[in-house]
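Okay, here's the structure, questions in a sec.
Labels run A, B, C and D following the written order; every chain starts at residue 1.
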Amino acid sequence: MNRFEVEQDPKSRDTYYLNMGPQHPSTHGVMRIKLHLDGERIISAEPIIGYGHRAHEKMAENRDYIQFLPNPSRVDYLGGMIYNVGYCQAVERAMDIEVPERAEYIRIVCNELNRISSHLLWLGTFLMDLGAFTPFLYAFDDREKILDILDRITGSRLTYCYARFGGVILDIDDVFLDNVSNFCTYFVERLKEYEKLVIGNVIFRERTIGVGIFAPDLAQKYAITGPCLRAMGHENDVRKDEPYGIYDRFDFDVPTQTEGDCFARTLVRMEEMRQSIRIIEQAVSDMPNGLFLAARVPRRIRPPEGDYYFCVESPRGSFGMYIASDGSDIPFRLKLRTPSFSHISAMPAVMASTMLADAVAILGSIDIVVPEIDR
Amino acid sequence: MIADKLSSLLRDTTEVQYDARGFHVQYTASADTLPQIADAFLSENFHLEMITCQDRRENDDAFRLIYQFNQYGMPQRHVIHADIAPDATAPSIAATFPAADWYEREIFDMYGVSFDGHPDLKRILMEEDYFGHPLLKDFVDPPNPYRSEDDAS
Amino acid sequence: MALIKEILDGTKTLLTGMKVTLDNFRKPPVTSQYPMEKIEMSEAFRNVIVLIEKEDIGSHDCIDCKLCERVCPSFCIYLDGERPEGLRRKRSTKFEVDFALCSDCGLCLDVCPTDTLGYSKVHDEAGYNRSDFLYDLLEPWADKEEAARERLKEIEAEQAAERARKAAARKAKKVRREK
Amino acid sequence: MKTDIVQLFENPYLALGVSIAIIMAYLSVNAIMLIWLERKLSARIQRRIGPQRGPFGLMQQIFDMGKLLSKELLTPEHANKLLYVIAPILVFAPVVALSSLFPITSTYIFHDFNIAIVLILAISGINVIGIFLAGWGSNNKYALLGAVRSVAQNISYEIPLILSVIPIVMITRTMSLYDITLAQETYPFILVQPIALIIFIISATAETNRAPFDIPEAESELVAGFHTEYSGMRFGLFFFAEYSNMIFACALATVLFLGGWRGPLLPDAVWFFIKVYALIVLMMWFRWTFPRLRFDQLMKFAWVVLVPLSLINLLITTLVLKIV
């Protein structure tokens, strides 16, 4: 008996269990949700995770800080750049490594481009879960443009390993900056099109308004972060609250909605893309000259003994890295606190007493990335 | 204030340098007071950011549970260290913070630490019939039965 | 009345959506015909690592320092080397990369002291076995190895002469200062 | 002057055989062409190129057919074999049976039947049974859910569909499709019954289980709905049935509202097919633009919006006919 089970007539035996997943078109990966259904209505939902467990935390205990560099971007393949940069920033803070100005600006541009590409993929897959196939391909087309831009300097399109302790691996050029500015102008127009096609659509509104409401107390109980939290009315963004890197130099808003339903989450993410464009435009116009990789980086990365916690705003929420160092080359313990893990653990409370089709919409709207849950 | 509520429950309060460490206060507590600590944090509008564990059997002959609480708006991270003996169980705080439910399952899965009063303590990331606890320092990776010799490179 | 207004508003949004798709219908396709038309890989494109030619040597300059082997997070580089007769530096005799394990992180390029590692620009490798991806990076350089070693001897001789000259100069300076 | 093709033959069984052969041949080719059209259209809407094998990608469909035909027909272990096997046929059969009723030209028709509309509405209801049997027989929870949804949806939308046809019958005082087309000599009925046409198109989209009303096979929720377990040509029959149903529904709309074969300059049959395919393109356009409705919203839409609206339309038509 699940704690979130809706009361049910004990005499009624007309309920059944449905396995949504591990292979299901809308679980976005190998994840399983055990649904207890009464007709189309969900009595209880139990997410079962771990199908994509790759033991990143164990890997971290077996290799030194530098060798763990390619891993963070594999934890969440959609926000790879943000995770990659975030891990570098965590180690840089622990080691007190100075990062050159130019590198910081490059990181901001890449981070925000990556955030937009992640949100675009979310938009596409979310709408595909709702049955609209065309916006999915439009979103992928735009995402492809971002990947092309990032591909030019990072050499990868999905799992970036671009940041290094003390900067980035390759300098950007004017062509890159031009591409970015062109993309910004193009994308602002394109967002309006999305809004016409999607946000205004009456069917989309019917499917999302009032669906999958995160009750106000849920935030505190389950440590909801990111766009899901902002859709509940909390103006909470790691980039504003604990500005890491140089986020405190940029002027941007934290979009919030109060309803906490799928539609609010959609609006928050759409607005977030617009704010990311704002940050990128500022960063591109202020781009300083100079080094892109610090000249003096310690050869051996050995943070002083103690615990470190560093969190970044990933497209899904607050991604935290807890590093326990014993003063050696190898982390004693590296815990990855991933936002999707918290969000999916709240699913039993959110999904109870919704419809089967809503379960799909909710899963789509919270933007889960299964490897990030399983790590 | 959270500090007043916690003063009777915690020892070794250390204010740490936020700029270097990323959290504000670090405490050491004994494991059996964890439910009271959780209640205190809940009443002060904190949320449970994460629970994790360290295998310190080699140095201190203990597992160290690490609870991290934070609050929305103004970040205020409180980290609580609670050492438990390798064969002891810790009290569950899933009743206070439902978020702890999965974290405690994960620690049970990865370290074999049991939690009293957990609603449904079972493996979460590894399959249910798995034998070991992978994040223990003395864990040995078993040979993969599904991979044939000529496949291995 | 409210219902009718709702229906009309809803219809309007549906028509706006249909107009968006119609507008896109008139635009040209954005897909590229991949196998028919080759895609230019970017400058920074990462594939399997290769040994780059050093112009003065006429071949690669891998000195078997094993730094890349040590830093590789996937442990997919296998190196071996020897010190040829009459050479100060070592030459690698085995440089294999198991690309099936490689994660293209680029850490080996970072640590390479002679900068002789680079990326291959081939992007469409395929194979039937894992062993198909065990690349021998020295293979393309095998026939140039002899010449390279000869060349290296000359270079090292030059370098030695340079060093000797500098040492002599230093010595002379020291002697002069002592005087 | 009209001539029934059926009456050209002395032997009625021969006539039947020839008619069915022609219709089957047409429906198969039509389904293949419509799949091609849908794929090309969706590709252009999504700024892709779409199928490319052969001229204009036409060969792609032939190859796909070959693939479907050559695939093994799998039957799940605990499926109800009989129901599982006859379900695809039951879905496809009504369309074949009813296609003979449409007056494609003013001169030659298969057979003019004086209660054609009643026959069409009655027999087209059979394919619901086929879908339900498919879902029930394949012993799969997703398929069953799809079947349940499908039955509820098809029965609900049958009512506004019928209610939107009645005004036409009232105006023309006949149920023969040929006579209804003749009655639209001066103007097509879209001008007098626009609301009925809209209701008809919406209901027909729902009846054919196409997006945005494709909840019985909603692939993001139910994997593939009622045909989850089907493979090979049995799946192909469902596929054929979908497109045949489409052309069937659009042909009915053409006859009832758009004046059938009537049109200037071009031959009758050409005008008929232009109208039919224009409606089909419209339905495809819907599909590639809109998200899917939720099951309960779909039912609500039928009962709260469409049924009252069609009743009001019927009432107004009655009043106007009474006064005029």
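Here is the rule we use: a contact is a pair of C-beta atoms (placed from the backbone, for glycine too) under 8 Å apart; a residue touches a chain by one contact, two chains touch by 3 or more.
In this text, all values refer to a predicted model and were calculated from it rather than measured experimentally.
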### Message
Comparing chain centres built from Cα atoms against the global Cα centre, which chain wins on proximity?
### Response
A
### Query
Ranked by contacting C-beta pairs, which pair of chains comes out on top?
A-B
### Task
Give, as an integer number of Å, the spacing between the C-alpha centres of chain D and chain A.
44
#### Entry: Separation of mean Cα positions, chain D and chain B [Å, integer]
60
### Summary
Per the C-alpha means, the centres of chain B and chain C lie apart by a whole-Å value of 41
### Query
Which residues does chain B have that touch at least 2 chains other than itself?
none
## Note on the structure
Multi-chain touching residues of chain A, meaning two or more other chains, are 134, 138, 141, 197, 201, 203
#### Entry: For chain D, residues that touch 2 or more chains besides their own
45-48, 288-290
### chain A to chain C touching residues, read off their complex
63, 66-71, 74, 134, 138, 141, 144, 151-156, 159, 161, 164, 169-170, 193, 196-198, 200-203
#### Entry: Footprint of chain A on chain B - complex, ascending
19-23, 26, 42, 45-50, 52, 54-55, 66, 68, 70, 72-75, 77, 79, 97-99, 101-102, 110, 119, 123-127, 134-135, 137, 139
### Summary
Contacts from chain A onto chain B in the complex sit at residues 3, 49-50, 53, 55, 57-58, 61, 90, 93-94, 96, 219-223, 229, 234-236, 241-242, 306-311, 318, 320, 322, 324, 332-333, 335, 337, 341-342, 345-346, 349, 374-375
### Query
Within the complex, which stretch of chain D touches chain C?
43-49, 285-286, 288-290, 304-305
### Query
Which of the residues in chain A end up touching chain D in this complex?
16, 18, 24-26, 39-40, 127-134, 137-138, 141, 197, 201, 203-204, 206-207, 355-358, 360
